[in-house]
Amino acid sequence: MSRQTTKVFLPVLLVAFAGGVILAEYFFAPQILSTLGSELKKLGVLIFSMSMIVGLVGISINSYKKISRRAPGEWYLHVWLLALLYVWVIVGLIYTPTHDFYQWLFANFITALYQAMLALPAMSLFVAIYRSYKVKFELNTILLTASFLLVLFAGAPLGEAIWTGFTPIRSWIINVPTASAERGLIITMALGVIGLSLRTIFGIERTWLGILRVPTATEEEGEGE
Amino acid sequence: MSSLLEGVKKDRFYVSWILVIIMFLSYLVPLGIPVTIRDPTREVYQFLNTLPADSKPLLLSLDFTAGGSPEIRPSMMAVVKHAISRGLKFVVIGIGTDESTALMQSLFDDSGVEDTYEYGVDYVGIGYIPGGEITVAALAQDFSSVVETDAYGNKVSDLALTKDIKDWKDFSAVIPFDSAGVHMFWVRNWTPYDIPYYGSFTAGSEPRYVAFYNSGDIDGYMAGLRGGAEYEILTGFLSTGVKSMDMQSLTHLYAFVVLVAGNVVLYVFKKEGK
Amino acid sequence: MLEPLGTWIALAFTVMILSFGLYKQNRFFRFAEYTAIAASLGNGVVVAIRYIYSTFVEPPMTQGGLSILYLLAVVFAALLFLQFVGEYRWASRYPMAIIVGVGLGVAARTSLETEVVKQVWAAMIPISGSGMDLFNALLSFVITISVLAYFLMTPKYKGNFSYLLKAAQAFLFVGFGAKLASAIPMYVAWASGRIQFILKVVGLM
Amino acid sequence: MIIIEGRITLFVLFIIYTLVMIAYVNLGRQGKTVNLRKIPAIDAIDEAVSRAVELGRPVHWTEGHPRASKLYDARGVYLVASLSFLSLIARLTAEKGARLLSSVGHPELYPIVKEVVRTSYNVAGHPEDYVDEDIQLMPEYSYLAAVLGRITREKPAAHIQIGYFWGQDSVAVPEVAQGEGCFSINGGQVGALQYLVVLSDYVLIADELFAASAQISRDPVLIMDMAGLDVNKAIMIVLIIAGVILSTLGISSLANLINM
């Protein structure tokens, strides 16, 4: 096999095979297809799980490099990262994830950190409102601001206490213009999704391999290292 | 102060600090801005308040994540406390996220269900069931084929409450609590049946489901923190929902102020620039 | 003993993360950030190893038969590790190809059903009724069609058609404004969860 | 019946879609081509990279929250689209000599991103500039904090965020990037557009996200594929118009097709 076959042709063929089976399983009745399809999906989850371990190796290598060259200001953080990471993995493998101690770790490390992170977007949203609505006399910006304000006032008890009319206006804005514009967006987006999927399954587009053009171009030669 | 603030983006700093201070103060100094009870929430309350205590169990689905729980949890707690006070039986499942088993456990711990209810007879916790929309559809047609054991490893066919449940007819109502965006699964697959359908979802997704309420598919709902607060007022189990209403009103007002302030600053700044 | 300690750890992490939003990038935030990376990767690795073991390694050991193929699948997935070996790096493309193919197949069929066909058919609302209903049905129809036309790539619009496109853009922005405003309660509720937590730990609520 | 009950209409539409696509791709193979509408956001990537070179600061690329999408589920295609942008960005940074920072949220994408960036650097003829450490994995729950931290520390000149984003990532990340003075080009699913529109210099709206390779490569095959996509869109428009007219007249035969 030439280098080209192993490096480009086979991966493209595998994409076509996996995608083709998943699509065929959806349309056609024979049992063999759905068995094959569900095994492929399982294989997908297996590769996903394996990539988690690849990630572990990758992060370990990166952190080790930073620690060994004593990267200023951050090498001790990487020591902590590696220590916690491996302690966590060992704890999780010795005890089960349903063990009380693991649950305690999960609740007070991951959940606490994650919920705190979810508090950041609220601040960002208000900063965005402060910074981004530079109302110019442009139709789009005016419309954006107007519908923003109308819906805003209907969103809280205070707005309703001021004027009860905000609520029906909000319902109309959201159910008529917003919903139908969104429907158009969703259909367009989905057609694009199918387009990219089929292009890649048919091997016309190979950007996921880092190759921009179709095989007819001379690009393929440059691809060999 | 000036050395402390060096390198900080000033505008951003003030905008976020004022937001957080407003939120803290709204909990510490309640203003009591009146909350009007809206019809959809009242419908849920009236249904649960008139349902006879010996009727079939309610099906509660916890489809929210730990992240979304500040918004949905108040309505869930209020509904469950109300059901307990009325002696209604219930089955708890979860289809949206794998976090629902843990959320269910915290619901049982915090609602005091264990004090008055007997597990397996008055309530059952199934926990997370994987499979998404297909599962939701299958639950309505053949409950026992989808659910075999509860969250604690008991066979559902051994538990008094669940052993006779076959399909949707064996529940008196279904109430999904959703922040994971799976409420549509329930609407699509359960509203065709003749079973009272109530729901709780995020305020942001309320507009999408209003259409189903208007057409009569959804009999009533609680939207976000606000819906939870309304339900707490109706039942008298006042908790975080009601306490958060001032915060909601004030932050909305603040959003308006910030919008105006941003433009004023821009205008003044531009003028000076010229 | 673990419980109160856990609450204080959680409080400390909460404050460290919030310090980013309220102040700026600082050493404590960075510590919390690295903790989050380590903890969530650790959790992911634990879940992954357990999944691989229970689904792909245990059955061949206990059942034998065709399930022996699962061991081959594990070896195939492990080709990913070859990316660390310079010379045979290309072999890690094979498992990648499978996962990409599965994803694209699922995406194509899901989009076709839930996002194209269901939405197209949902758009086929009769333009009838009276007063506001008629107006709303007509408006919805016009907006959906004009937004779809707006995103066509090949035609160059001229004359009256360009007004349709302006309208499509305008309605898109009306929608963006409405969705932006209805997001506020959600984000604020998220943040309020942490504020209530802090108040509870400090004992003010 | 060989086709699964209830999916006949879907199958017919799928076949029509595929046939149109194949026909146009064949036209492209024969060298025919059409003019596509320019997507400004894609041209802006070039500008963004040049700006980064001028300022001597890096370019930052990220693709989203791993709990919101997985490569093997229905939203994975957004990540594949993001990869096609990454290969363009990597080639430009390699050619112009800017540093490329990749923040990868998805563990399953981590090896692929390394592969794409390395290949792009090879193709551009600068394999020696590839830095493995600049590609960082930010798994699951840590994504938001890690990306925000990285942006504020490294202060990139350009921030390019394309993929599938949950609310928190599509608000906080672009806002912080904007605050750091990044030139930002963002794109995401329909649910994230309202935030991206107010927080970016350029936004990829709707299927512009999937059209990158055609505009970049100017390859007739890919361009004609886009033209085929337009025909498919037109088919949908015609279907909607026909459906609305028929149901207004009280004829429900077309509307009933969905159940077949």
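When the chains are written out, they are named A, B, C and D in that same order, and each has its own residue count from 1.
Note that a contact is a pair of C-beta atoms (placed from the backbone, for glycine too) under 8 Å apart; a residue touches a chain by one contact, two chains touch by 3 or more.
Every value quoted in this text rests on a predicted model; they were computed, and no experiment measured them.
The greatest centre-to-centre gap from subunit B, using C-alpha centroids, is found for D. When every chain is reduced to the mean of its C-alpha atoms, the one closest to the centre of the whole protein set is C. When the interfaces A-D and A-B are ranked by C-beta pairs in contact, the top one is A-D. The geometric centre of subunit A is 11 Å away from that of subunit D, both derived from CA atoms.
Note: centroid distance subunit B to subunit D, computed from Cα atoms, is 34 Å.
If you average the CA atoms of subunit A and of subunit B, the two centres end up 25 Å from each other.
For the pair subunit A and subunit C, the distance between C-alpha centroids works out to 5 Å.
Of all residues in subunit C, those that touch two or more other chains are 17-18, 20-22, 24, 30, 32, 36-37, 39-41, 43-44, 80, 83, 93, 96, 99-100, 102-104, 106-108, 111-112, 116, 120, 123, 141, 144-145, 148, 151, 172-173, 175-188, 190-191, 193, 195.
The set of subunit D residues touching two or more other chains comprises 10, 14, 17, 70-72, 77, 80, 107-108, 111-112, 114-115, 118, 137, 139, 141-142, 145, 148, 167-168, 171, 179, 193, 195, 197-198, 205-207, 211, 226, 229, 233, 236.
Multi-chain contact residues, meaning those touching two or more other chains, occur in subunit B at positions 9, 12, 16, 19-20, 67, 203, 207, 226, 248, 251-252, 255.
Per the touch definition, subunit C reaches subunit D in the complex via residues 17, 20, 24-25, 29-30, 32-33, 36-37, 39-41, 43-44, 80, 83, 89, 92-93, 96, 99-100, 102-104, 106-108, 110-113, 116-118, 120-121, 123-128, 141, 144-145, 148-149, 151-156, 172-173, 175-177, 179-180, 183, 186-187, 190.
Partner subunit D is touched in their complex by these residues of subunit A: 23, 26-30, 41, 44-45, 47-48, 51-52, 54-55, 58-59, 61-62, 65-66, 110, 113-114, 117-118, 120-121, 124-125, 127-128, 131-133, 144, 182, 185-189, 191-200, 202, 204-205, 207-214, 216-217, 219, 222-223, 225. Subunit A contributes residues 6-7, 10-12, 14-23, 26, 40-57, 59, 61, 74, 77-78, 80-82, 84-89, 92-93, 96-97, 101, 104-125, 139-141, 143-152, 155-156, 170, 172-191, 193-194, 196-198, 200-201, 208-209 to its touches with subunit C in the complex. Of all residues in subunit B, only 11-12, 15-16, 19-20, 33-36, 66-67, 203, 207-208, 210-211, 226, 245, 248-256, 258-259, 261-263, 266 touch subunit A in the complex they form.
Only residues 18, 21-24, 178-179, 181-186, 188-193, 195-196, 199, 204-205 of subunit C touch subunit B when the two sit together in their complex.
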